[in-house]
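Pasting the structures here.
Each of the next two complexes has chain A plus one other chain: chain B in the first, chain C in the second.
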Partner chain A sequence: MSVLSVGIDTSTAETGVGVVLPDGRSLERFDLPQPGSRPAHSSATLRMLKKILADMGTGFDEIGRVAVTVGPGSFTGIRIGLATANGLALAAGVKAQGASSLLTLLRGAADLSQPAVALIDARRGELFVATNTAPHDRFALPVAEQADWWRDFPAGAICIGDGAVQNAEVLREAGFTVPMASDALHRISPINVCLEATGWPEDVDVAPEYLRSPDAIPTAERGL
Partner chain B sequence: MPLYARAVEFPIDIQTRSAQETEALGSELAQCFAGGNRVVLEGDLGSGKTVLVRGICRGLGVTAEVTSPTFTLAQRYENGRLPVSHLDLYRLEAGMAGEDPGVLEGEFSAERVTLIEWPERAPIGSLQPDYRVSISHLGGDNRRVVVECLS
Partner chain C sequence: MILAIETSCDDSCAAVLTGTGEVLSSVVGSQVIHDLYGGVVPEIAARHHLELLLPVVERALSDANVELEDLERVAVTQGPGLVGALLVGIATAKGLAVGLDIPLRAVDHLHGHVAASYLAGVELEPPFLCLVASGGHTLIANIQEPGSDWSIVGTTIDDAAGEAFDKGARILGLGYPGGPLVEKEAEAGDPAAFDFPRAAGVPGVDFSFAGLKTSLLYAVRDLGEAEAEARRADLAASYQAAIVDQLVERVSRAVETTGVSVVAFGGGVAANSAARMGLTEAGINLVVPPTKYCTDNAAMIGRAAIELPDLPREAALALDAYSTADRSAR
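And then the complex of A and B:
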């Protein structure tokens, strides 16, 4: 990367911001809400970016590339992330680039020899799921409705992400590896967002990735 | 006689017979609203909340197209007599659980009229509505619209 790159992730309750300098030096920071408190996506993102840029001796003027997770994940978080990324990109005269939150999470486990399953809390009794054995098959899994919802995961897989932490006990009992809750593998690295987003098509605007069909039904289809 | 031509007494309890009539009612109601007012809109999917909002926006002089903000959460209209924020919180969970309420802060500023669909999904304690509008189906295109003043 020959320009200063910014990576942003707001797809889970955490807020992650990272900067990669043209010389390869990088720094990332996270805002982790305390148990029971709410995400701080809207206030933390730019505040952390400003601090990181200052700590690295650079500034907003030097930003040449902006990468952001497009989801799946937090409904408002993704909107805040995309809006922030688009604003930064506009000021830099470039287009923001997107990355799947699930694939970015899997990228963090790329060096491991075992298969990995990324699990992000989708709320409403569901998890967003992707495996590194079939990364293009990403879906919302209704865990509240199925007793053995993990049955199609690759045998012996390591399970990562906030959805894995929430279901650690069940997954370990089923024979999967779940690192300790504090392990960085569970976290979406904003520097990995920068790397993952290199595959984003140049002419495509960033937009939220939904893995669930909308539950609001257009009036015309409602038959009222 | 239009509502605003006389002293309005709340609650208003009116039956409309078409989307056009619901929109016209919204336009009349808008004459009662002032900056900082928060209006919650209750009614099932398809009851006509967005139609009423369109009328309110027209009544406030908004000329832009008024569309449902179900996917965007909030839609702002700035070119009318008062700035309007139209929120549709349907996509959120009760109390905006797990989400950052800071994203909606700017929609409740003192100069704006804020229209809120699915208000029960707003963060607990953030809403002190001035008006409550309840819309219910009466079969076909007929709707019952009840407007209460809460402040």
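And then the complex of A and C:
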């Protein structure tokens, strides 16, 4: 990459920000909310970016490319990430580029010989899922309804992401590998966001991948 | 040159103003989709802001014939409103401001509605009162000096006046948004046909519209479906008259108790001609901005920002939204 790239991920409770310099040097940092407190997406993202840029001896005016996870994940988080990326990109005279949060996770496991399954907490008894054997098939999986919700995962797969950490016990019992909660494989790396987003088509506005519709029902369908 | 962004409810707005508060452009991207749901759905509003805001900002810049490099600061609505919606505007504004290395100003949405008074095209200087009657708020502010330093002398204890219009419209089967539809229906009706309450039990300059809405509900039920439909214009006219009378009475009292005689009128309800006429006929010295600056818009946010300080850099980077409930607690 010949320009300074910024990578942003706010699709889970964590806030991840990274910078890749034209010479290949890179740095990424994460903010993890304390248990029970709200994600710091809105207040932390740009502060972290400022710090990283300063630590690398550069500044906002050098930004030439902005990459961001488009989801699936936290609806509000995704929007904060995309809106922040849009603002930064507009100032830089470019368009923000998007990357799937699930595919970015899988990219982190690309060097392993095992098949990998990325799982992101979707709340309300669901997980967002993708496997590296069929990366284009990304979906919301209801886990509360069936005991063997993992049955279609590739045998012997390694399961990564915050959804895997939450369900580690069940998954390990079913024969899957789940790294320790602190393992970097569970994290969406903002540097990998930069790499994953290179596939985003030029001149296409970033758009969220929600994988789920809002709960509201039109008046006409409510029979009012 | 200042770029202002407003996303507190269901309109994605951007405007460009000069440093002295002259509006060069004001773009409102309305989300008509909420009509289908009979009201604003927060999650849907937030989704649409993300889609609409960037094109709206770009449009505001091109309408004003202004390049990004010409911008000296960015202003954004911080609250009160739908937090998910506000956060889209805030994140975009912050990203743009730090990317351009220019300062950011955080504006209170209500201060914006008050500041819209300065866009009325008439000479207006404090002290003046401002009646803000919108979908989420109804209050009378006392503006003693230029700046954000103003006090609230009266406010609604339950529903907002715009909300009363919206709920009334729903009860009458008119649709959403209710204000313009009730006003239109009322044109052919008799405002004295039904005697709806005017919150006589609420003293001073506070408002109450919840009882009014219930009375309309009962009136419609008592009339029966066919009769209520036949007399819909009378119901709408009488309902609107009850809202207008209450606004007029409270504003007249506020003028009396504060001794301030000029009253600016902002918020979506200021688009209502019966309300404007009622206030004028009561002898109020009324200043009403053009309708486009009464409902949500970013020009009023930019105008309010003129009177505010720049946020310190760290505070700008960390800026977060506040909801209506948060605001009351501040």
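Convention: the second predicted complex is superposed on the first by the 215 of 224 C-alpha atoms of A that agree within 3 Å, B and C clash if a C-alpha of one lies under 4 Å from a C-alpha of the other, contacts with A are read in each partner's own complex, and residues count from 1 in each chain.
Going forward, a residue touches a chain if its C-beta (ideal position, glycine included) is under 8 Å from a C-beta of that chain, and two chains touch if they have at least 3 such contacts.
If you're wondering where the values come from, they're calculated on a predicted model, not measured in any experiment.
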>> Following the superposition defined at the top, how do chain B and chain C come out on chain A, clash or fit?
In response: clash
> With the two structures laid over each other on chain A, which partner does A:Ala118 touch: chain B (first), chain C (second), both, or neither?
Replying inline: neither
> Touching A:Asp61 in the superposition: chain B (first), chain C (second), both, neither?
Replying inline: second
> So, does A:Ala13 touch the first partner chain B, the second partner chain C, both, or neither?
Replying inline: first
>> Applying the document's definition of touch, where does A:Cys194 land relative to chain B and chain C: first, second, both, or neither?
In response: neither
>> By residue count, which of the two partners contacts chain A more extensively, chain B or chain C?
In response: C
> After lining up the shared chain so the two structures overlap, which partner does A:Ser43 touch, if you call chain B first and chain C second: first, second, both or neither?
Replying inline: both
>> Applying the document's definition of touch, where does A:Ser74 land relative to chain B and chain C: first, second, both, or neither?
In response: first
> Of the partners chain B and chain C, which touch A:Asp205 in the superposed model: first, second, both, neither?
Replying inline: second
> Looking at the overlay, what does A:Ala157 touch: chain B (first), chain C (second), both, or neither?
Replying inline: neither
>> Give me the intersection of chain A's contacts with chain B and its contacts with chain C, in residue numbers.
In response: 42-43, 75-76, 79-80, 214-217, 219, 224
> Which part of chain C faces chain A closely enough to touch in the complex?
Replying inline: 36-38, 41, 43-44, 46-47, 49-51, 53-54, 57-58, 68, 84, 87-101, 314, 317-321
>> For a test of understanding, state which residues of chain A touch chain B in their complex under the given definition.
In response: 13, 38-43, 74-77, 79-80, 121, 123-124, 214-217, 219, 222, 224
> What part of chain B is in contact with chain A in the complex they form?
Replying inline: 45-46, 68, 70-73, 90-93, 96-103, 105, 137
> For chain A, which residues count as touching chain C in their complex?
Replying inline: 42-47, 49-50, 60-61, 63, 75-76, 79-93, 205, 207-208, 210, 214-220, 224
